[in-house]
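One structure is given below, represented as structure tokens, and several questions about it will come after.
The chains carry the letters A, B, C, D, E and F, assigned in the order they are written, with residues numbered from 1 in each.
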Amino acid sequence: MYFYREDLINVIVPDKPDPAAAKVMQEILGGHFGEMRTMMQYFFQGSNFRGEKKQFRDLLRGVFLEEIAHVELVQTTINMLLNGAGEREAGNAGADNAPLDEAVKHANPHHFIIGAQSSVPEDAAGNPWNGSWVYSHGNLIGDLLDNLVLESTGVLQKSRIYEMSSNKTFRETLAFLIVRDNAHQNAFAKALETLGVDWGKLFPVPNYDINKYPECRKYVDMGFHNVQFNFRLDETRIGEIFQGQSPSRNGGSMQVVQPPEGFPVPQLPEMPNEHSPGLDDLNL
Amino acid sequence: MYFYREDLINVIVPDKPDPAAAKVMQEILGGHFGEMRTMMQYFFQGSNFRGEKKQFRDLLRGVFLEEIAHVELVQTTINMLLNGAGEREAGNAGADNAPLDEAVKHANPHHFIIGAQSSVPEDAAGNPWNGSWVYSHGNLIGDLLDNLVLESTGVLQKSRIYEMSSNKTFRETLAFLIVRDNAHQNAFAKALETLGVDWGKLFPVPNYDINKYPECRKYVDMGFHNVQFNFRLDETRIGEIFQGQSPSRNGGSMQVVQPPEGFPVPQLPEMPNEHSPGLDDLNL
Amino acid sequence: MYFYREDLINVIVPDKPDPAAAKVMQEILGGHFGEMRTMMQYFFQGSNFRGEKKQFRDLLRGVFLEEIAHVELVQTTINMLLNGAGEREAGNAGADNAPLDEAVKHANPHHFIIGAQSSVPEDAAGNPWNGSWVYSHGNLIGDLLDNLVLESTGVLQKSRIYEMSSNKTFRETLAFLIVRDNAHQNAFAKALETLGVDWGKLFPVPNYDINKYPECRKYVDMGFHNVQFNFRLDETRIGEIFQGQSPSRNGGSMQVVQPPEGFPVPQLPEMPNEHSPGLDDLNL
Amino acid sequence: MYFYREDLINVIVPDKPDPAAAKVMQEILGGHFGEMRTMMQYFFQGSNFRGEKKQFRDLLRGVFLEEIAHVELVQTTINMLLNGAGEREAGNAGADNAPLDEAVKHANPHHFIIGAQSSVPEDAAGNPWNGSWVYSHGNLIGDLLDNLVLESTGVLQKSRIYEMSSNKTFRETLAFLIVRDNAHQNAFAKALETLGVDWGKLFPVPNYDINKYPECRKYVDMGFHNVQFNFRLDETRIGEIFQGQSPSRNGGSMQVVQPPEGFPVPQLPEMPNEHSPGLDDLNL
Amino acid sequence: MYFYREDLINVIVPDKPDPAAAKVMQEILGGHFGEMRTMMQYFFQGSNFRGEKKQFRDLLRGVFLEEIAHVELVQTTINMLLNGAGEREAGNAGADNAPLDEAVKHANPHHFIIGAQSSVPEDAAGNPWNGSWVYSHGNLIGDLLDNLVLESTGVLQKSRIYEMSSNKTFRETLAFLIVRDNAHQNAFAKALETLGVDWGKLFPVPNYDINKYPECRKYVDMGFHNVQFNFRLDETRIGEIFQGQSPSRNGGSMQVVQPPEGFPVPQLPEMPNEHSPGLDDLNL
Amino acid sequence: MYFYREDLINVIVPDKPDPAAAKVMQEILGGHFGEMRTMMQYFFQGSNFRGEKKQFRDLLRGVFLEEIAHVELVQTTINMLLNGAGEREAGNAGADNAPLDEAVKHANPHHFIIGAQSSVPEDAAGNPWNGSWVYSHGNLIGDLLDNLVLESTGVLQKSRIYEMSSNKTFRETLAFLIVRDNAHQNAFAKALETLGVDWGKLFPVPNYDINKYPECRKYVDMGFHNVQFNFRLDETRIGEIFQGQSPSRNGGSMQVVQPPEGFPVPQLPEMPNEHSPGLDDLNL
């Protein structure tokens, strides 16, 4: 069973609205290699796990738990990038009587039609999330290799999306997730190491230059690339895998730690023009 | 952030394998009105919520938390229905050298190909789960009405699927979920009641006869159709909505209670023939 | 604007339930070359038509109108094939407490889960109808050639599906539609004839032997393969195209005629076990 | 059977081409909550209807008939927004030898590739219409609640899309459809009222301010939010439901009336550059 | 079995990057009527061919072989249009620290996220290629008519896309493919001629004016609209169909010839910022 | 450019029709991890390759070439499993006038509707092949790891499907492909070895017991698990990677060899009842 404390796993740094950034950020939420996929893939792999080697199951389950919080972080980041996107064009000619005219030009129109300027389960091209992307092979090595591809591609795509806007809300969330994907890459690489693989200098994949993504530095300094947060309320054997020398050539020691203290979930403002939440005339 | 205790929200009653039942049960997991949809829909509605009336957000979030446990319960139920499905045909002519020959006849072949006899994110016809089914309208009344359709259809479909096998593992899970969907129907109906609707005798929808689904009785006797389990580790305002007289003509009083004590997650046996988990030769 | 008279375009011949036949019949309703596609394709081509040669637009519009009635005929046929499908297994051991156990074995489970034993917008493999199949090329020759492929494949698939059950409800609808697809094949072939093509002996495609599909004979005897029903309440120039010698080597003269007199829409019985329509306890 | 008179259900107000507006308008045609969905959903619900209470079936059928005309109105509106979209950039440098260069920048490229600047069965993000969105639950209350969500979301989305362009062709069609969706919301709300629900002040959802969408006023003044057009050529019992006091807090009396007189279907100009219709060299 | 020589079937003309052109070019690669569809459709039709008339099978197979080379040509063209797309904005304010900011504005974001500025199996609206578009009817006339629609639409769409950019890389590839689609249109039209059809003046469809697409002229002068390249290493009977007078009113004589000599496959530069190929730190 | 010799890459062993086997075999053709995916994935990775290390590009290209032949082998195997599937039920009561009645019971109905008993681009559950499954990451390590998952899952799924029928046509093709997937697993594992990975005893994944799949033995005896066939007509650097000690614990030496001599492509019989090819009445 699943329990919740209303805290985000990372801070939302304030900045201006940026619907074009929100559009590409959707790949991280609802894309083939986005957080919804990682969340559901580890969920299925955990529930479908066979056999007695529960240290692996606890690893899959443990990463799954964090991915739920990642989905919430990305949803919230997208919402913050959209918040007020219609209003900021207010000075433009023509915009005063068609306030969304400019906003949708480089945006995903679904952000402004389906919801009231909020996140949707789609990728950066507007395609809906698809269950066929989730894979639970049954064979543990297959599952671990697949997850390694997933986390490596997570870093890769986030590092490319990072170049698409200098918005601070956008970049902070990407930077945090790049470092956490790196940690999860280490988790699955390490699990394969326990099965006999020696990765040499292969990881991290890709080999991101921390100076290129400066927001990453503080997370690396805190060791977030080498820890796994423990969201279990009961015992877990995850530490039997997630321990010892990192499989990455960046080195360091892997350990299971308490989750971050948590950051406030922002209260999104009402949008009367979007009829959201739309209770005004009910005299509540 | 999300926390976990390794317990199922309801008991798994043992019975024989039944891959045909597992196939239709997939609608409850990955179908248009299945548990993956309810889970993701309330997740998005909660994260995208606008305004100060957090009692509604806490309601959406609260039901979401239970739905994660529902997804896990259905995954596990499907796994138990599949476990050993290949072996039971062992006496059949021809089956000894093609053990899955019979098993796949009325089954979803993906249960035996994609995983090692385990659940997949698909519906009863084998279609992958689709993100376009999830809707977060932004307008609270729209969201609540949509959720009411979702929970009503949940009961409706489960009552129809119930007729498709007399397997006890299958029926117990369906019965528990029918009663819980009823509670969530009450939750959203009640929320609309607070906005001024008087439902008359409309609910429950459909008006299931408890004698037709005998496994439901004990859950109704325990009042599970009128309670909401609280999975929050911090404060929640859900009780401002989920309280008072039930909107259903079955009556009763609504209240927020502690979650069930929890039931053991079964350890699924290894399946060497399916290469699951497939670690045998690694001398671990 | 569109007007309606509650009549089916052809008779529903009574026979026993046959859910396996209903399953394959779905290809004719919601498949790539089914009636939903023909209906929507001619609708888009008609609305998107460019230029002054309205005789072609009236042809597209005219066939579209009949296709709406075809969709209704196939929906109704599927419903009749499903009606009572659960009950007929009543004598079977085990079936009395799982009445749908047998029914779903060779069926599309969605017929028994999504609706109360009724038609769905899917193909014979359970895939949802897809808008990308509809094509309105803008170029008239492209549109006519595409429609010719559509109608030829309509006959081809129906003649193959015909072999899958000897159920009379099933075969009568298929036979009527085979002959009407033939007429529409003639319509588009003739339109291309007016643009200069001489088809030689190419049509009909496929060259079905009327003795193989005996139910077709009466429709051919009535000339239904060479007429177009006129559903317009105002003037139409369709007769400028749909006239003269048939482009098929079966010969005959093409003409526009009044629609059939119409046949009663069956009243489907209530299904209390399926909660359909489910108003029992509302004392209406 | 279905009959047709070549008239649009509402006027097309002339204005300049606006391909960006055409792009977002596609949500109203081929989106999850667009007119193709409403048309097909009520078609399936009508054909699959069970039992003797034909007043409900006639209601479903009656709204379906109008939705066909809505689809045609939206197709035509999109076509008018696209007409000449390539030409208006003629003065731009570079545009003279790549006339569509500017046109596609904020457009759905399919408008210019698949057809000759005309409507497609897609949503605003370019996703094809999907049959899994159509739902015919079999349970009448489920169907009515689902339809209520559909019509409420119809108004909601149209009011948001309205803000995306001040083009008159665009806004007039949206305004007409907002008012008609309101009427259909009243229809399904009223049907549930006959089953015992008292909606209080819940409707209309959303509670649109008529001064914000000035084009709506004349339709409200004509009472179009409280009437249902009757497209039946035979008897119908729709008036047993669609009558009496409106369930909306805007009040008024509901009645079934004759359809609008109808408005001319525009003749779309030929586009030789797009090879549409492309008959020039055939000397017809 | 399939053999390869590393040569492109046509030249890549150098020009500047143009991600907006790359986006619309995707329709030619992964769209409903793109080269991936033609390739796979003729592959299935060839492998599924029935009967002794192998001249038709060899025709299907022969065109299939060329289509593989077309897919490679379009992939390469898209890659050349994307190469360096991020860098050219380097002078822009803000762009120096978000180099892809401008590049993605009118682009398919997947070009910059999924790959390192390279082609994807999607259409111009970002929808993934879909197997349901491929059709192998089994009936030869159906297959040939379908292929004729496919090749005609190929020319039609390419002639429309041609107007969307004056980029030389883009237009040269389109022009070559327009002429080759014309040849394949002739191939299937001719095959139907051998079955008795006289096309009159119908073809080519559409009737493109070679002066409008000047890059086409040299290919027509080389007779590329009337030849079929022979990629078989063994005997083929394709020449029994592909011979004699062209079915197009442009006339000329059809013949099977040797493939073009071939053009160099460009070596795409490394993109360290995109981590492609990302081997830098491995000291290889 | 691509060249062809009409030979299958492996023998088709004759046996009886088995449409249930044909249905599950579709996963190998059109499934998420089937041969169409491997073919298209390596095609895109090869065309999108960046940089000077062409030995890797030649590896990707080389495996791609073989995958085209694999697709053809699986298409042909499915066709042989379907050939005559309708006729063998001839003795059954009722079957004489509905010859496909029995055939479709455990079959994919599309095999009998879309084509004339032939292969389709779908998976074992009838879902169309989807372009979103193909991934070309741009980062070489990401591509190689993804391909390793692909080939490992290829073996895994084929070994599970093998248990679903003892049909010889079916099992021979599966056995050949299991061994070839093993070789391609070795290819990508070796490529990563050149980048510094030591796999220990991890491979092969899964660790199939050759005695369980006896048809595999002769291919292993011929060394097919350790060779790569060379389909290049020009120079290739593939041998710089594909050489030396196998990365599998089964050992052996890897080498590039000439392709198999080839096996005859069977001529599929005409099916007049299915109108295939349907030329009978054209007096050709």
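Methods note: a residue touches a chain if its C-beta (ideal position, glycine included) is under 8 Å from a C-beta of that chain, and two chains touch if they have at least 3 such contacts.
Worth saying up front: this structure is predicted, and the values here are computed from it rather than measured.
A.B. asks: Tell me which of A-B and D-E has more C-beta pairs in contact.
C.D. replies: A-B
A.B. asks: If I compare contact pairs by residue number, which of B-C, C-D or A-B overlaps with C-F on over half of them?
C.D. replies: B-C
A.B. asks: How far is the middle of chain A from the middle of chain D, if each middle is the mean of its Cα atoms, in Å?
C.D. replies: 37
A.B. asks: State, to the nearest whole Å, the distance from the C-alpha centre of chain E to the C-alpha centre of chain F.
C.D. replies: Their C-alpha centroids are separated by 25 Å.
A.B. asks: Quick one: which residues in chain C touch 2 or more of the other chains?
C.D. replies: 32, 114, 116, 122, 125-128, 130, 132, 135, 137-139, 141-142, 156, 195-196, 201-202, 205-206, 274-275, 278, 282
A.B. asks: Identify every two-chain combination in which the chains touch.
C.D. replies: So the chains that touch one another pair up as A-B, A-D, A-E, A-F, B-C, B-D, B-F, C-D, C-E, C-F, D-E, E-F.
A.B. asks: In the complex of these two chains, what residues of chain E are touching chain A?
C.D. replies: 86, 94, 97-101, 104-105, 108-110, 112-114, 116, 122, 125-128, 273-275, 278, 280-282
A.B. asks: Enumerate the contact residues on chain C facing chain E in the complex.
C.D. replies: Those residues of chain C that touch chain E are 32, 127, 130, 132-133, 135, 137-139, 141-142, 145-146, 148-149, 152-153, 156, 192, 195-202, 205-206.
A.B. asks: With touch defined as at the start, can you tell me which chain E residues reach chain D in the complex?
C.D. replies: Listed in rising order, the residues of chain E that touch chain D are 20, 23-24, 27, 31-32, 106, 123-127, 156-157, 159-161, 163-166, 201-202, 205-208, 212.
A.B. asks: What residues on chain F touch chain E, complex-wise?
C.D. replies: 1-9, 30, 36, 40, 43-44, 47-54, 56, 61, 65, 68-69, 71-72, 75-76, 79, 114-122, 128-132, 134-142, 194-196, 231-234, 259-260, 262, 267-271, 274-279, 282, 284
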